[in-house]
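Each of the two complexes below includes subunit A, the first together with subunit B, the second together with subunit C.
Moving on to the complex of A and B:
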């Protein structure tokens, strides 16, 4: 086995999953101007929904995965109407709200789902050998699904009327409203789509890794590093940074040591901010 | 009004989700207590109580435990094992009677005593642990206490020492036992003795000559990697690399890739947390590794099966600090049956067996010392060994550790090597560590 190509492939596979986690977070930040500390817990919820739909019933994985996305969409809409709308425009209140949701969901996870790890097994099987690089069908499939969802999101944002409205609200909410954009509906949709992305990330992470109540904690930390590195609120920036962070993590763990990989990731983020304060692809 | 309706709808959706999730849960994972200070006392006797005409005095045995949160699987299994042993001691018969031929309860100066178990949940929060230990010491009058792991032990040391409390512990880490803590004992298979027992067998019988070690960057992980690495080099197994990863890491592919590139006879996970072992093995197989894997810590079977991807992946997996599915000793079978009868088969694991050791060993020491004074009990326990002392891992057992910690307060028991064969964890070998190893 040659280490470098293996490390590259592993890093890119991780990066693809990080993209989904980070996109949901950056979307909320860019459009709703809310720092969502509960994002990791939404990832965890998505993973458990997929697990129970898939393992607890006779559903096949694609149906379980789609049902998770629909559930997360509904949950996002409901959460926006019930909790997020009243604090819209108030960053501090939003901060407290998402922190509260995070703590609530984490503890709810322990009570409802228990403390033991679960796995979404038997979805994809088989190993793949590409020259000296070894991987699994599972990793390739989950990466492909993540990239497909990313492509759909990019199409929506850059090629549809809805996407134009998203971008308009992200740049100037009041001006967008004056132009006839229903900013309230856009915010609701934004949260719902963000939760879809979190749910998708959870449903895919659960296939590759384990499902457990604290799985979102690391995901949240990583997502924040990614969106800061990529540029706050920048979708292309988040995609680029997720791939960079995935690669850095893999290469550092392989060649230097896993005990400092997290530290190096933060160093990359700090250096990016130092030399490019708006992030890799940030504008404003 | 509309918002209220939405809040109601949201609560409804969450409730339905919770009910659905609860209904479809495949294991009988117990609900974790939500209050931190609910005392629990044994309710289900292990065996029918033998009628006694004497009135027994109740002695509180306190536990500062972790009954909720991420460490609850360990805390609960400890607590449940303690309940079984307290019931067994109090009621006589059962394992207690079989091993020691004992009457119900225990006697000091002719007076009959029984244990009363008092357990509080400190939720792995050190500040909470101080409150719990204060309550046990000053409100409940506890003189014998089990403290779950160092996050509770370190911040409560002063209280425990000032009040001369006898402390039992089952966690790794520096500074758990030592001459400055004359009443603290650790009832846990220590990696040093385990490695001293198993590594020569790995070299001689299993034929390993090279190993790549991968471990987490925690106090436990460092101890495991160092101790096993030391013994492996001593017997002639070449340590090709020692890689350390950050706790909470889920993607082991970088470490495994490096290890596989070294082409070792064995990859040793020293240590990988039990819930992550399945994923560790799965990822090694995904990278094309077909060789042997050794875990230096016990796995939880259900989690391992559920997270390994394919049962083929864990075939041949080696582990230790647990007993095989067949439970070779009668006392192990008794304990397993008792545990399963109370908490269900899904909660049982071969690594739980050592949780049963502290209370019955302390009771034996109390009778030997003929005293309830913690200092005298500690002095008696320190000198107890087989055949007067019996461990659920098997015999012989004794207390060692002086060469490392300056005091013989670490329980030394035979070490088991477990192998997954045809989808079942079975005992490959049970080896007593050399007496001078520790």
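Moving on to the complex of A and C:
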């Protein structure tokens, strides 16, 4: 029983990072109706950008992190103009296109970054003890950053004019266009924000775990499991499901074994689709 | 009337193409002596079996993204059967049947789900199965199985790639021929109708879910047989082979060839295996090129490579029309 609170805390800490991983994917799916299979590769890119900005130069971590977000924003904007535009609205074509992008980036990652696993180290130090639960400053800080980015995103979506345009395009792109929403600008911004979230997730995951080219494959899997469990395109659903999946993963790793947890979270996704296809927070 | 009778009794033009294609394919081992190149052709045939089955399931509007789930089922069942003394020639159809049986069981609840959800559900299935192979007793654990014996003919095990070549060619020909005949049959026409509209098909009295389930199981039968071949040809299997990488590769083949066409799988597999090969690049660079080709095809020809002749025809027609109007 002593393990339980520990598993709970580390599950929630992972869950906070998973929120960022999943939010970007659910955003682009909900608003642009594009299934971004390369999402995890953008997480990987974000992690490497942060790693090189932080370790390659003498920038401090916050600056490196912000610079990563700016780079990802630019990349997202450019990618939308160059590649995502022709497949917008066509889920299948978007799926294959991003599948190609994912294969491209993953292997480019092997070539450019090498297969060696790296870490963004020495950013936060110190351990924290809360009763019987042990955790680190690193994990608490990254969770806090993740949650505050999430809060910023929620504010943008639900409290600004831009957010209203996002929601309008999500409901009906054509009607939104007729009301004067610049849908092509919205779509570019949407991918850019999605990539910022992916980059942020990468920058934070790199601090807690390692940075390696195949980390994106794992992130893509996680992100899809989460958004399916939460309901495709649903922002609150993705947040709830990220925490649930983080907990499930942590509990399974603690009580059964780490190598089973990957299969178990996919089983969660499978059962969710089979019995509640609209996800945890979707209306059936 | 005369024409109809003759077209029924004689082999039609298109079928001549197919027969000529098979004869030419049969001659490949005489021309290609290099075992490495022959191995590539065997992979093309095997990938075609998987990609064509994905096409078949796509005709009823379901995207089998996690094809590696059924390849894995075929591979593992065939390996386990052979290890328990069953001959390869018995294990081959049995693994197809097992794959089809599992498809029937899980297809019943899951085929109700459509669109991207079905794609993700099959992907999840593949990941769950990989975890089962790794951890459940009796599946060889993380190492999988090694030294899987090859097929035996007259007491002799297959030696070298040539017998495998003919076996793969035969399996591929049977798969394509089966789906070709299916397409021309009444049942195939009903499936096509289901593909265009569930509501319309059920209004015409077609039992939509049952037909879709049968179509799914048929395709999984061929995928399972392909999986059996895969295990015995490689001579070893390990759980991680049946993950997302294999699925996405086969799926990309079928879409790049053209998901709307029976021959798309063959075209896609051939192009995507030969193009990176022809560039003589290192593994990672080859994969980068492969990814770039996928992106290129999706942006410039969403109908796949097989849509090129049609596009050229339309383009020429489009150019010709204003001229005729002017004169």
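Methods note: the second predicted complex is superposed on the first by the 280 of 284 C-alpha atoms of A that agree within 3 Å, B and C clash if a C-alpha of one lies under 4 Å from a C-alpha of the other, contacts with A are read in each partner's own complex, and residues count from 1 in each chain.
The definition used in the following text is that a residue touches a chain if its C-beta (ideal position, glycine included) is under 8 Å from a C-beta of that chain, and two chains touch if they have at least 3 such contacts.
Values in this document were obtained by computation on a predicted structure and should not be read as measured data.
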Looking at A:258, would you say it contacts subunit B, subunit C, both, or neither? Reply first, second, both or neither. first
Subunit A contact check, subunit B vs subunit C, more residues touched by chain B
Worksheet item: Touching A:86 in the superposition: subunit B (first), subunit C (second), both, neither?
Response: both
**Request:** Please work out whether A:102 is in contact with subunit B alone, subunit C alone, both, or neither, and reply first, second, both or neither.
**Result:** second
Self-check item: First, second, both or neither for A:177, with subunit B first and subunit C second
Solution: neither
Ask   = After superposition on the shared chain, which partner residues are touched by A:273: those of subunit B (first), subunit C (second), both, or neither?
value = second
Going through subunit A, the residues touched by subunit B and also by subunit C turn out to be 83, 86, 108, 110-111, 217, 257, 259, 262
Per the touch rule, the subunit C residues reaching subunit A in their complex are 63, 109-110, 113, 115-117, 119-121, 123-125, 127-128, 130-132, 134-135, 142, 244, 248, 251-252, 255-256, 259, 284-285, 287-288, 290-299, 302
Counting only contacts in the complex, subunit A reaches subunit B at residues 1-3, 6-7, 10, 14, 48-49, 52, 55-57, 71, 74-75, 78-79, 81-83, 85-86, 108, 110-119, 121-122, 125, 127, 129, 134-136, 138-139, 209-210, 212-215, 217-218, 249-251, 253-254, 257-259, 261-262
Interface with subunit C, subunit A side, in the complex: residues 35, 37, 83, 86-87, 90-93, 95-97, 99-108, 110-111, 217, 221, 224-225, 228, 232, 257, 259-260, 262-264, 266-267, 269-270, 273-274, 277
Given the complex, residues on subunit B that touch subunit A span 3, 6-7, 9-10, 13, 17-18, 20-27, 29-32, 34, 68-73, 217, 243-246, 248-251, 253-255, 257-258, 260-261, 275-276, 278-279, 285-288, 300, 302-303, 306-310
